[in-house]
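Chains here go by letter, A, B, C and D, matching the order in which they are written, and residues are numbered from 1 within each.
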Amino acid sequence: MLIHAGFDIAYECPQPTPMLLMLSPHASRMGHLVAPQQIYFTPPVPQRSYHDSFGNFCTRIVAPAGHFSMTSRLTLRDDGRPDVIEPAAFQHPVENLPDEMLLYLLGSRYCDTDKMMATAWSTFGHLPAGWSLVQAICDFTHNHIAFGYDHASATRSASEAFAERRGVCRDYAHLAVTLCRCLNIPARYCTGWLGDIDVPPPYGPMDFAAWFEVWLGDRWYTFDARNNTPRVGRILMARGRDATDVALATTFGPCTMTGFSVITEQVQAA
Amino acid sequence: MLIHAGFDIAYECPQPTPMLLMLSPHASRMGHLVAPQQIYFTPPVPQRSYHDSFGNFCTRIVAPAGHFSMTSRLTLRDDGRPDVIEPAAFQHPVENLPDEMLLYLLGSRYCDTDKMMATAWSTFGHLPAGWSLVQAICDFTHNHIAFGYDHASATRSASEAFAERRGVCRDYAHLAVTLCRCLNIPARYCTGWLGDIDVPPPYGPMDFAAWFEVWLGDRWYTFDARNNTPRVGRILMARGRDATDVALATTFGPCTMTGFSVITEQVQAA
Amino acid sequence: MLIHAGFDIAYECPQPTPMLLMLSPHASRMGHLVAPQQIYFTPPVPQRSYHDSFGNFCTRIVAPAGHFSMTSRLTLRDDGRPDVIEPAAFQHPVENLPDEMLLYLLGSRYCDTDKMMATAWSTFGHLPAGWSLVQAICDFTHNHIAFGYDHASATRSASEAFAERRGVCRDYAHLAVTLCRCLNIPARYCTGWLGDIDVPPPYGPMDFAAWFEVWLGDRWYTFDARNNTPRVGRILMARGRDATDVALATTFGPCTMTGFSVITEQVQAA
Amino acid sequence: MLIHAGFDIAYECPQPTPMLLMLSPHASRMGHLVAPQQIYFTPPVPQRSYHDSFGNFCTRIVAPAGHFSMTSRLTLRDDGRPDVIEPAAFQHPVENLPDEMLLYLLGSRYCDTDKMMATAWSTFGHLPAGWSLVQAICDFTHNHIAFGYDHASATRSASEAFAERRGVCRDYAHLAVTLCRCLNIPARYCTGWLGDIDVPPPYGPMDFAAWFEVWLGDRWYTFDARNNTPRVGRILMARGRDATDVALATTFGPCTMTGFSVITEQVQAA
């Protein structure tokens, strides 16, 4: 199965503005590209790339003053298999987790575990650990938050989303990640392309999707509190502690985003 | 039945400091005093009193620089009857509420209805209106928040208490009041003396109690999400939109409270 | 001088929805109406009016399910005089304020004086009391917040506006009111019609204006931290502790505002 | 010069509780130990150590149920030189920063750069980049926040400390780090032993100290917005994005800290 994906993003910058972009498939997904990804910048600018500590493929540019756009199209092979379900996956006691997992139990900008600890334990503390606990957290989050693009707020934390019960996919991911961490399940935030099946017109896929991963047994598993059903065709772009670490574009200076569209579609067999 | 009540409060003020005190029984309770209340100020200061728009008996003083204390003892008659339970009390549709009740549907400093609206409706929106709805809100609040004096925060709003699940009696009252208002039930915050049956040593009754009232049918009824059981011997001091309006002492300048104790006890029959 | 003012507001309600409207000139301004105000509701609905505790003229209706609109045009006489400047106006010590002013020193939903007290005193505590202090607060607020309709947030408090430095006219008013109260100057929030001179296209006057009043000497004076210059032709609609008390429409149920425009213009002499 | 340092910490745990400890000198300081550090646990427990991604020496234990204490004493050589002052240190444009520095420009749990961006630029945007800019941020922060142990709040973010103007040393560090990041200066949070010269009795050094580092030119420099003067004898324990990453003890379960004291003193020459 082939997936066609891409984006068209435009900015207006009052002055030359350094940018950190995470607009490429994650290192773990690069090998599935049918051809190397090109990001076309208009006007053209030099670019430099590196992998950050989360394994994200990062591109650094300086956007020129004025109108600036970024476009890319790419085609990837996908095994067509939905997110793995593994109810037997085991939740290790904290003391048995690998050292490098402890980072994913701590709080972060939008995952304010310090404020949600009591809620997490009183809501889920009686449940058996493991896969079903993560699923319970997803079910709860999925039902707790009402989706709406007019509910987007760039500064909303998990505890605020919990109280306000409104949000977009990043809020679902932040709340579920936060609850998992409170319950000692390592969790990290993910962003990428995902055909969004249930977005009503006139919205269309207005943003990259957000989901998350948890460490159970000896590997990371994908969960998605927003859609809360196994999906095919996720193209991971970036992972991190929360949305802070995986912003599609971090701009070091004031810019206005003037255009944004995302493309994801399955390529039909001939 | 007679109740003996009082307080000893001490301040240290760096300079003469105006204060607004609500340390007297509410106007509706004045008639039950066995003798007129005296508040003894050390050193003595002039005092001036008035009733505010909520019917609270307010005392104005200027505390002198240095150590300053306020002491009072009073004895009231009480009918010994517990809080009224009236399951048949009717919740009017908003359009039928008296005009002066609408104020008690609006948000206030610690009752951030704007943030709790979705939570209120999704948690309670399916329940029948009226007394049982208020009771459901009390049950929820009582179980949702863990009590602890070390959880006190003077700036915590209802939505924060909801997320953090910790607090003292004012947080219980703020959260319950907020949920009632979201659900179109007029609610106001109350403070006063109440023998606190379940405070473990070494705490004792370290603060005045907080409860709330709702308008159902054609009168106000008392509810108490902290204790969540009918109680006898409440001595109402002040009512308002939230704790802001009924602070025992609002100090207009920096002062340090250096002593605080509250007395409430039933007087034994001879 | 005559001022022509009005509004066109539309809602979509999923079900019959009680509303509390403050869409009329304030009681103190009623006498300047050339003809009694009519609010036209489409479809027509019964209406009922009263004055609340702040002297605001309030209208109660039940909006029907479906599309619903409210329209009004009115003409008022105005003395054409700009906001009074009275540098000699005296700031009373708290102990000399009339009792009914103390309410306007307390915190409220969007005026979180508890969080802003230290900022207020360290920023302004060295300045002489009185008119020039209020003006200093206006100058500060005017320069501190960057105006932008895309910075509007219905839940933003004064302390958040202070940190974020972004907002619309209500944020300016909330921050200035909060600082005044912290410094023991009674302050109340105002909303009404005001020809907005500096709103760039395509915005136009997209909202009613917000300003505030402070008690100095023995009367209330108008200040406007957003425009920060004396203006003519303010048509006061409502006053209160903050925006909570004077919302143009408080809807007791979920509704969507689908249209909103405000008209204010000086009528040209023949 | 020799510094003697240590701590005595006690917990009461209702059940066996995994803990992540950062109670050792940082890897960069280990070589200065006169003898290897021992942490004595009572009762004794197995321990396991590793270095995290920030180079912090981390110890993992499971505290037993009941009373549990941790004690350590250590002696380090110190060159006795105060924090380096290098006014000529150069602030690189973002595009020239090493890739691994970009992480330290992003927001984190207590460093909410998203909320402080406008404040940072309007307060400091007119100043020349480099060392003097960081010093200006330290001066501002030092003067802006009033120190007080009774102002400690474990959930306070930089934007809240900015509005409230109160805090302890971690709040100074969080605010200064946040402002630096907003202004494109990589900054990281530090904690460790530091003889605290100006803590009045009865407090004494009740906590480990917090300071921060910025990347200027081609190295990290130490700044301290709390003390705001060069100090000798800092013993770095841990670095990270903010206090989340360097908590002296992260407990994975509910525990109560029942004792805490820190020792730092210069060893007198014979």
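The rule we apply is simple: a contact is a pair of C-beta atoms (placed from the backbone, for glycine too) under 8 Å apart; a residue touches a chain by one contact, two chains touch by 3 or more.
Quantities reported herein were computed from a predicted structural model and do not represent experimental measurements.
Engineer: Looking only at residue numbers at the chain A/chain B interface, is the share used by both copies over half or under half? Answer same or different.
Structural biologist: Since more than half of the residue numbers are used by both chains, the interface counts as same.
Engineer: By residue number, over half of the contact pairs should agree; on that basis which option among A-B, C-D or A-D is the same interface as B-C?
Structural biologist: The B-C interface is reproduced by A-D.
Engineer: If you average the Cα atoms per chain, which one ends up farthest from chain D?
Structural biologist: Farthest by centroid: C.
Engineer: Which integer distance in Å separates the CA centroid of chain A from that of chain D?
Structural biologist: 30
Engineer: Nearest whole angstrom, what separates the Cα centre of chain C from the Cα centre of chain D?
Structural biologist: 45
Engineer: Can you work out the whole-Å distance between the CA centroids of chain B and chain D?
Structural biologist: Roughly 41 Å, centre to centre.
Engineer: Considering chain B alone, which of its residues make contact with at least two other chains?
Structural biologist: Residue numbers touching two or more other chains: 115.
Engineer: Which part of chain C faces chain B closely enough to touch in the complex?
Structural biologist: The touching residues are 18, 20, 50, 52-53, 58, 60, 62, 93-95, 99-100, 102-103, 105-109, 111-112, 114-115, 121, 154-155, 184, 244-245, 250, 252, 254.
Engineer: Along chain C, where are the residues that touch chain D in the complex?
Structural biologist: Those in contact with chain D are residues 115-116, 118-119, 122, 144, 146, 159-160, 162-166.
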